[in-house]
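Lettered A, B, C, D, E and F in written order, each chain numbered from 1.
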Amino acid sequence: MFFHIKELQYTAKPDKPDPIYAKKLQEVLGGQYGEMSVMMQYLFQGWNSRAESKYKDMLLDIGTEEIGHVEMLATMIAQLLDDAPLDQVEQMAKDPAIGAVLGGMNPQHAIVSSLGALPSDSVGYPWNSRYIVASGDLLADFRANLNAESQGRLQVIRLYEQTTDPGIRDMLSFMIARDTMHQNQWLAAIAEIEAKQGMITPASFPPELEKREVVHQFMNFSQGEESAAGRWASGPAMDGTGDFEYVQQPKAYGQAPILKPAPDFMHSRADQAPSIVNVGTLSK
Amino acid sequence: MFFHIKELQYTAKPDKPDPIYAKKLQEVLGGQYGEMSVMMQYLFQGWNSRAESKYKDMLLDIGTEEIGHVEMLATMIAQLLDDAPLDQVEQMAKDPAIGAVLGGMNPQHAIVSSLGALPSDSVGYPWNSRYIVASGDLLADFRANLNAESQGRLQVIRLYEQTTDPGIRDMLSFMIARDTMHQNQWLAAIAEIEAKQGMITPASFPPELEKREVVHQFMNFSQGEESAAGRWASGPAMDGTGDFEYVQQPKAYGQAPILKPAPDFMHSRADQAPSIVNVGTLSK
Amino acid sequence: MFFHIKELQYTAKPDKPDPIYAKKLQEVLGGQYGEMSVMMQYLFQGWNSRAESKYKDMLLDIGTEEIGHVEMLATMIAQLLDDAPLDQVEQMAKDPAIGAVLGGMNPQHAIVSSLGALPSDSVGYPWNSRYIVASGDLLADFRANLNAESQGRLQVIRLYEQTTDPGIRDMLSFMIARDTMHQNQWLAAIAEIEAKQGMITPASFPPELEKREVVHQFMNFSQGEESAAGRWASGPAMDGTGDFEYVQQPKAYGQAPILKPAPDFMHSRADQAPSIVNVGTLSK
Amino acid sequence: MFFHIKELQYTAKPDKPDPIYAKKLQEVLGGQYGEMSVMMQYLFQGWNSRAESKYKDMLLDIGTEEIGHVEMLATMIAQLLDDAPLDQVEQMAKDPAIGAVLGGMNPQHAIVSSLGALPSDSVGYPWNSRYIVASGDLLADFRANLNAESQGRLQVIRLYEQTTDPGIRDMLSFMIARDTMHQNQWLAAIAEIEAKQGMITPASFPPELEKREVVHQFMNFSQGEESAAGRWASGPAMDGTGDFEYVQQPKAYGQAPILKPAPDFMHSRADQAPSIVNVGTLSK
Amino acid sequence: MFFHIKELQYTAKPDKPDPIYAKKLQEVLGGQYGEMSVMMQYLFQGWNSRAESKYKDMLLDIGTEEIGHVEMLATMIAQLLDDAPLDQVEQMAKDPAIGAVLGGMNPQHAIVSSLGALPSDSVGYPWNSRYIVASGDLLADFRANLNAESQGRLQVIRLYEQTTDPGIRDMLSFMIARDTMHQNQWLAAIAEIEAKQGMITPASFPPELEKREVVHQFMNFSQGEESAAGRWASGPAMDGTGDFEYVQQPKAYGQAPILKPAPDFMHSRADQAPSIVNVGTLSK
Amino acid sequence: MFFHIKELQYTAKPDKPDPIYAKKLQEVLGGQYGEMSVMMQYLFQGWNSRAESKYKDMLLDIGTEEIGHVEMLATMIAQLLDDAPLDQVEQMAKDPAIGAVLGGMNPQHAIVSSLGALPSDSVGYPWNSRYIVASGDLLADFRANLNAESQGRLQVIRLYEQTTDPGIRDMLSFMIARDTMHQNQWLAAIAEIEAKQGMITPASFPPELEKREVVHQFMNFSQGEESAAGRWASGPAMDGTGDFEYVQQPKAYGQAPILKPAPDFMHSRADQAPSIVNVGTLSK
């Protein structure tokens, strides 16, 4: 069960409205790696958690924090849309500055949401739940979370670069700091699990059932061998069970596939005579 | 530019058809973490790469391998659909085994794709490109890739558990091994980048511009303190710049937000008198 | 079965082209609450109707009218796109007015639809049928319809504010009037059903099977009690079976959930030993 | 900012697992009218609210309650998936009961979420934010909310009918009661606003700018006049400004549309001679 | 403007209900190539038509017919869902036949639509308007239409094979016949346009501006030359301007691409020093 | 299995960056008829092919070529985004030219992809696999392919018109030429199949099972008879089995549908008394 308090986790006040920036800021609210994604990802991981209670609690702590981040962004976006010059449509054609604002806004801010935040990204695409994952495997999911916080921090920093409004930057500097913490947090949680089960997840699949000969091979599926220069191509593999091997010319182990012709009931063959397989009652 | 060779990377031959398993196997072909996702993710990361050539080459090597993985899965699925008993629809009601197969198949295998693979997941949802990311930041993207290979290997192993067909298991054991390698690969690539730039990405944002006081705080947004027991709540932070701190009762730094009333041209206020702001020509 | 007549239900002729307004107007053609939505919602409610014939007939009457509204909007949009200055791309960089038009248009109007209407909303997102509902429950569906006409009329009025073109406004004034009628219509239909079955839908669920103690409680899930000031927090409830009650501190009736550990065949536990549950044939 | 407490708002414990029912129950978690929809709809309406503070507070109260409803459903679904017989895949073909369960489950419960809830509906389609609306107009949005609670209560009652498990029914009887309250709540809020501004929303559009002759006409766009029998076809209109009128044969007020031929730069005309309009540099 | 008549274009009466077949039949109502697609495709092509009036009229004739096809399918599906044994949920576990029906139905038929048709396909995925095209180019669009009628007829025939119910087959035999006509129609319309403008569309692009050397080359991008055996690899090309040529080893005409490093403001480089490009106001 | 070579199939080098054109060019990379669509469509048709090997080989040849086309477009887009003036955000308000570029770009190019190509179309909508088809029927699929190449060539030509950059035009002139070849190719393949099986696909449905009286009728579902003027309305039908017939007033062959009332367990009737059908255990 959840409770709400009125104050925001951090101040969300722009120095002045900026409807085009409001459009851009939607990316980190409702985009693939926006706050709605981490909020829902952590909450579902927590609700579904079948692991020790410290994980469930931790996941719900951070998921609950993220609801508050969506709230901050929504509040900021609404204020960035204050005073959008929609009362000046006749000036639009004459004044290029007004025209640029009215033409460059997300039109749904003016038609659908009454100068409020949308649950969408910077091109207006709605958030959807295929963005998130809760697989039940702690290591897999913590890597998903580390990825989300890495992509998210990157996007917020790019948005910091694309405004110089002190109020916006103040809020973003808080969000960037929390993303730093959240990268720290998932790195710590990952270290804890990797120490327990090893680097490859899931660890419970019997290694002898894998095709062992290819678990350390980097396969060069292209002309040229620039890819041999990386850490992934030689030296000890990260799982500690062997050395990386660079396969200059990967071979095909499999067959040249030939599929059986389609059965008559599929009606997919150019040379098939007219007839029905499931005869039953043919006419009424 | 790309070339194709006829043989599959590894054998894809089930011992016998199994249309319901074909439906399930679609998950790792066209699902969120299926082979289409890693194929497109690595190819776009490679094509867009602005980094040293060894990264671009490596990304295109593995992206090219993954096209071949989609090919193996598509070939396997088509064979699992061979002999689906659609010529026995009248037996469906009488024979529960036939009824279960016909009722449990993905109907699009029988109506749309003529017993062929679909570019969809196990519930029939189409693959879409918001599953993938190519952010240009190597560390962020390699973490995305490690996550994808972690989720993917987990799903393939669950599918290995859900059949005992030796032919399917043989192919899956190859794919699991390659996923092991690919986790190894991204772990290695991540280690290489983290050694260069540190653990927090992107590293190029000036630390002094973050709200420093919250970069190491775990905030307990719930009753109870089970979450204090994890590595993320105490001890040195992973970025090496301080110690984790557990905040038992997180405070609100921000304002209780009050938004300005909607302007008249939004027509959103219950007490607003009838009128038009952009008067212009009112009637024709 | 349906028939078409050539004339539009109402005149759709702008005084002059306006490609950026064409982009905006797409919202009420192909958006969440656009004419495609009401058209398809009413038609499906009518086709699926299992109620008295007057309802089926009425739903198909209004659904059929709405096809004609999509037609009017499509016709209007095509004319707003006439003369888009795509023959002046070299002037784009020099003349800010041309640049604004070419940069602010929906690019698909210029690339995909040949200056014709798209079945999309104002940000280019395609219409999809999860926008609509036909639940079979008349009261639920008429409330859906009243909502659609309320949101729709609001959006059309906002669009009326965002142009001063007399031709566009003339058509919109007809559509606004029809939306007034349609709100009137659903209010009347709702009154008719509520008189029969009461205010809460569906009425056929035995009241004694609901947790009666919470059917009239407003629960204050936040700090502060501003929400106590509304009609929903005190006085007789609208269903006539009791009084609203304001619960200052809602309690948790349920358990602190603890889920069973994941079974071995899920391969989701960090401490799980390597093994396969469904042993069958393990290698080939 | 938000806080979490460990206990659920109401008990969520099935008497026994039921993986097929888990699939169905997803509808009211992640479907068009599931708890994710009301949760996000109320939160966004609250965050964007520019009205008196009692509305913002009330919206966030109920939005916060709904987060807890998603939590209850997720917890219930995870327990319904306990003991899914995935360790018996070899028995599937022989035992029709096991076959029916394994064939009838949502495969993603077994492959993706490790027997946990998914943020999807009963056919596996992901939740997306085009399901919700926050228009800024209180009357329009409260009608949206009343619709959501009407559709939602209906679906929960249908699900109540489709199980006889006492534990599931116990939880559903709480949710049905809350949906009763929430219908009561929005009916009360609507009454409050309608008393202020009248029945037609938005009220701020000047009535004289609507085509007045059609604001009370029911138009019979079909053969037959069954639709004349409803309250919507005669008697005083609900807005109190006139009487409903039944138009037996609606007329076309508009033109038969003729669009201008496509300009040459669109390359859309069958009889167009080869040439380029934007000549610029034609070859390299 | 449109009118509705009560009678269906053709009889839609199954001999007996069949809820699983109802699920399958959704494919040709709301799937990629279902009747909703052709209905909307033809209507949008007609509404947007800038060509001679005979095309606009013809497109709207057939689009209007297709609305009636959606109506027939919706009516059929509702009747196939009559008597779904949802009043026998307790028998489900005991009677495999009832279990198969309840487990194999589309759950939304039982929860959402009250045994009515859904605007979705056979896996429950909603119809969306990216399925359709109205490009303004008659030849391109008539080819789209021929494709839609080809895919659609194929799917209806497969569905005919998957039931033996005489009532369903009777309706399908009408729809198959209309699809035959519609293939005939588009073939005729295509012949008319090809006679005017030639085989390659659009014809208005100056041929000399194409890279002429590759307009007739079939490029063999794989090992092996089976593809040389087709009509597409030798003999006169269909456009009458040359002969097909089989290129055994296609060459790369282009550069090995090297992209510029990302600029600092993107924060995408592992070796980038901390700093901000758009300095402005850095702290508050 | 696939291999990659470093060089592009054709040169992809713009003369100068143009971020707004980069947004537009996304349409033919990731749009409904972009290169991702033909790439995936041909690959799936090839992988699923159950026909003679020349078809499988040919489909995989062209599918493999198309991967290289996606590569060319991605490379071009990345270069068009070079030097986007994001380091000049403070100049944006003052300099209309910079403002137009920054306001008119796809914001995800600046926030998400680090000036790289996105797997999306020109309005930012992600590519999804419901764009493609692999039906197993060669004639149906080759018509799908001809349509895709017709729409695709049209869009590329429109994009050629909307720039005069010699480098972009050079690459587009190669792609237009390949689209010419690909139209040629599918026309040839279609001719080959039509010669074998006739014009109507699939040919294997027994003609006597179609309602023969309507296979050649053009039905005039509108006022006016302009549609009688086309080739589709008179003369020999294209299938060679009769003459087209123009039906001036199409008749309704079917019933006026009346559906059975909803059963009690659906809780959809306004006059239904409170009760539960599946009684079981009613309270806890």
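Everything that follows uses one rule, which is that contacts are C-beta pairs under 8 Å (C-beta built on N, C-alpha and C of every residue); 3 or more make two chains touch, one makes a residue touch a chain.
This is a predicted model, so every value here is computed, not measured.
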| item | value |
| --- | --- |
| Partner chains shared by chain B and chain D (touch criterion as defined above) | A, C, E, F |
| From the options A-E, B-D or A-B, the pair that copies D-F, where over half of the contact pairs coincide | A-E |
| Classification of the chain C:chain E interface as same or different, half of numbers criterion | same |
| Whole-Å gap between the CA centroids of chain A and chain C | 26 |
| Approximate Å spacing (C-alpha centroids) for the pair chain E, chain F | 8 |
| Junction residues of chain A, two or more chains touched | 1-9, 32, 47-48, 50, 53, 57, 60-61, 64-65, 75, 78, 86, 89-90, 96, 100, 103-104, 112, 114-115, 120, 123-126, 128, 130, 133, 135-137, 139, 154-155, 157-158, 160-164, 173, 202, 204-205, 209, 221-222, 224, 250, 252, 254, 257, 259-260, 262, 264-268, 276-278, 280, 282-283 |
| Arrangement of touching chains [line / ring / star / complete / other] | complete |
| Touching residues (chain side chain C, partner chain A) in the complex | 20, 23-24, 27-28, 31-32, 96-97, 100-101, 103-104, 121-125, 155, 158-159, 161-164, 221-224, 250, 252, 254, 257-262, 264, 266-276, 282-283 |
| Of all residues in chain F, those that touch chain E in their complex | 5-13, 32-33, 53-58, 60-62, 64-65, 72, 75, 78-79, 82-83, 86-90, 114-115, 125, 128, 130-131, 133, 135, 137, 139-140, 143-144, 146-147, 150-151, 153-155, 157, 160, 173-174, 176-178, 180-181, 183-189, 191-192, 199-202, 204-205, 209-222, 224-232, 235, 237-239, 244, 250, 252-257, 259-260, 262-266, 268, 277-278, 280 |
| Footprint of chain F on chain D - complex, ascending | 154, 157-158, 160-167, 169-170, 173, 265-268, 276-284 |
| Contacting residues of chain B [partner chain F, same complex] | 1-9, 30, 36, 40, 43-44, 47-48, 50, 57, 60-61, 63-65, 67-68, 70-71, 74-75, 78, 112-120, 126-130, 132-137 |
| Of all residues in chain D, those that touch chain B in their complex | 1-6, 47-51, 53, 86, 89-90, 93, 96, 99-100, 102-104, 106-108, 110-112, 120, 123-126, 135-139, 193, 196-197, 202-207, 209 |
